[in-house]
């Protein structure tokens, strides 16, 4: 069998995983928050895109920012509702609340968008390209470009700008940040909204690859978790590398072993790492 | 009347335990005031409460006025903008950020009352820092970190600079160097509230000193008055008769 | 329902019945306790009949019992260990699948099927517990979440387990009985079995609360550092409680397989996960009858007053979110709050005058400094620092998140009586 | 790597055969930072050893090292047996326990339940026993409760506080409860970390009484404390640590006169 097509497929898949995880990585490192509704925000991003195209007649590229803004606003509302728990750093309740929000969003989305599989009509979906023996679509290229741009952008913002310095400062020591004149609560809100928006972007860009259902989201949270944790919690570059690596692993495993079990296999790898190197999973 | 900082009847509690039990204190314009006392006497609690800051869960009551303006209830990041700038004990810099990033994180307020320090000015005050400007603070020595912490504080154009144990972790010989530096800043017109473990060295540079014992002011006076005060030794090591 | 409250409200936590007004005031009350339970038992058993005895009623009650048993498994981990397991759907489904497998493919009877599912799920939980021994908080939760996902993948794809169709044709639950066999063909027939199972599980939980494992689990949750210094092997406790919780949930899966007569991957659906979490949190954690009350409320809603599939999802998710955002202690928290508000008004006249002057130090809230309502948050967090004592613990930063119920009851000023 | 032990101008303690706890050459490193360097001391049954020193001197590190919660070099002997490789909880069950600077109780349990918890680690019925012989469990429980109540009263925590939560009792009692908790379950060596933090006046006196009472009961105790009046009043021996090193070891009066100690606390005159 030829490996090259699988590698290309894996890169596209992995770019998607990485794109999905970028928001969580920042969220986790800066605010030490996790958002179990991340997968549902991804789903919502996909469905808002679909809705904008099919019902409002907006072109695909214009539908993406609409989805991002809508989901960012929902993320903002979530975070504002959770303010008290965030300030208390009540991690357990936050986990449960976001899980509950995810379920709420799923139910809400199903009643608005219906329970049928839908297809996002992206113009890039049908255009096949070839590279040697590998075939892929322009959509795959778009995913890779989006992932690389997001990571490069996030990396530059975090390392080169005032905003980035503030976020890194709050990540390291929110108490000390106060003495630098920084309001950490505002930073938390900003980071959460960024994470929500990036999940929506991932949904809008990745979802056209296959039909979407309002029940997707469960698996996305697991994948995001894998990428973020294996990449070294809070490491931007780590997440990109692991995301791509995970995509290639899943593609190869799917092609040569069993497609149905590829995500489970990736998770099994994590479990092994967890048993062998528990220290790697300490958060800060 | 002309005191820059006026603290009256300051009380701080952590849960059920009382850390400060009604403290009155003033710092005048261009004055270096020191706070001394044994461990657990409430020195850090006092200066943190002035800055409105706490790593734990403190509840404070009482009045804190800067130039007659009541600051009680104000969040620490807002007090910073009003000119009260604290360099906390221990970790005063972001270790994952470079020296320059730490300094750049703070921009002098536009309508700053205190003296404005550009990055270059900080480097002038601490000539050792320019060479390390792109080094992560986690790689710096304790003394260098302290310089960055003070430099950061100066960037905020403080009217009142609060230093909590600036010499912790420094070799004894360096302590006086640090304190003389502080004295120079005061000579430049800054007001400083200083907590320092090394009482004898502190008395060399301070104008006035407050002695805390179990959350209360046990004594206060000018440095020369306090120099021979035996209450100081007793506060640190217990009554010699006991 | 008042009976339930009378017994449980006054003792939000084992070990040890709180020697509150009830038991202290008179020994007679203690003697009344047993008959009270008996009445509750009889009324509970007869309730579906009293409510008309239709098949709909009986199926609802059987489901309440099954879901309550399922929830009690998670309750062990969530209430007593303070960790959030998102993997209990795995044990719930495993109980059902093992039962279906041995009953359909091997022709085993219900008794053997029960033993098989308990053994398998306990082993699964033990392995998972050991694998996650060093993980806490969200890493633990996500790993258990992932374990359930693996379970779903396997169930949905394995030919042995029937793929997405699941396993059908589970025979009627037949138990040996006096003068032949007891075959549970209808929900009304199943009710005695379900009720007995529920009672047994409640007894088990009650005894757990009064055992060394229960006591040390609570200690581990509330203050792990102190627990260690008192001689508790906290890792062992964590693994044991987790391994105990799985077969409880699997018991429910066992009965569910017979009730539905088929098993499919929908047992892994997030509905059951959200159900378990909400059923524990809605009444309030660490209440002996809490999961039963929670399950009864949620099942009654979805079976008798359903808003339709999506509406129910929004209801369940929304309910859990609202409870956590408004009263993390659940309905009991609301009740205590009301009681305190009434008492507080009476007491305020005398002690604790208002604070003179303004608050100068803003309440130190996990690091953010903006305005936080002082009193409530500060006292609520009183126990938060307990985990961070000393320079101990691997040189890490202090653990920031307090355990689930750490301050649930511990901070609320003067309570009860 | 440890430098020569500093300032041994005071006498070392003779390590007798029945020494309850002996610490030799204890060194603790956190990364490149040496928190404690080559510190030795010992304490006998019925003796109270004070550990003092300026902030960050390494006092708490020594407790963490003795209870094996941080990695350390050197040796620790509990009643003559090396503690190397024993987990913190094993040591606790062998009678070596510590208290923490704050919050050393279970805030979700009542005062009485807290006192019960300390013996429940050993005494409480197993799950199986609780299921099969509930009556025995009930008897055991009421015995434990009775003993816990008596223990509290012996140490001056009145019955009216027993059903309150620890956060609701006066602060001084909270501190005492923390120590009673650590003492409760067969403790023979007790490390007490700053019991008087935030305590004043009469509470300080009852704390001193409590420590004296424990000493009378034959407990070997090591006390970290900042309140010098308390320390000087009750300890038998005193170790002074500064910057991770032992700078003095001897009786309170000797230590108070030691120039090294005066300098550590008051600084060097310029």
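Labels A, B, C and D are assigned to the chains in the order they are written; within every chain, residues are numbered from 1.
By our rule, a contact is a pair of C-beta atoms (placed from the backbone, for glycine too) under 8 Å apart; a residue touches a chain by one contact, two chains touch by 3 or more.
Computed from a predicted model, the values in this text were never measured in an experiment.
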*Looking only at C-beta pairs in contact, point me to the busier pair out of B-D and A-C.*
A-C
*Taking all protein C-alpha atoms shown, work out their mean, then name the chain whose own C-alpha mean is nearest to it.*
C
_Chain centre separation (subunit A, subunit C; CA means) in Å_ = 31
*How many angstrom between the C-alpha centroids of subunit C and subunit B?*
50
*asked:* Just the number, please: Cα centre separation of subunit A and subunit D in whole Å.
replied: 49
*asked:* At least two partner chains per residue is the criterion; list those residues in subunit B.
replied: 15, 53, 55, 75-77
*asked:* If I count partner chains per residue in subunit D, which residues reach a count of at least 2?
replied: 167
*Indicate the residues of subunit C shared as contacts by at least two other chains.*
364, 369-370, 379, 381-382, 384-385, 394
*Within their complex, state which residues of subunit A touch subunit B.*
162, 165-166, 168-169, 171-173, 175-183
*Over in the complex, which subunit D residues touch subunit B? Could you list them?*
54-56, 167, 170-171, 174, 194, 197-200, 226-229, 231-233, 256, 261-262, 265-270
*Which of the residues in subunit B end up touching subunit D in this complex?*
14-19, 38-40, 165, 168-169, 172, 175-176, 197-202, 204, 214-215, 232-233, 236-240, 242
*subunit A partner contacts - residues on subunit B that touch it in the complex*: 51, 53, 55, 75-77, 80-81, 85-88, 91-97, 101, 104-106, 152, 156
*asked:* Touching residues of subunit A toward subunit C in the complex: what are they?
replied: 32, 34, 81-82, 84-93, 95-97, 99-108, 110-111, 115, 173-175, 177-178, 183-186, 188, 218-219, 221-222, 225-226, 229, 258, 260-261, 263-264, 267-268, 270-271, 274-275, 278-279, 281-284
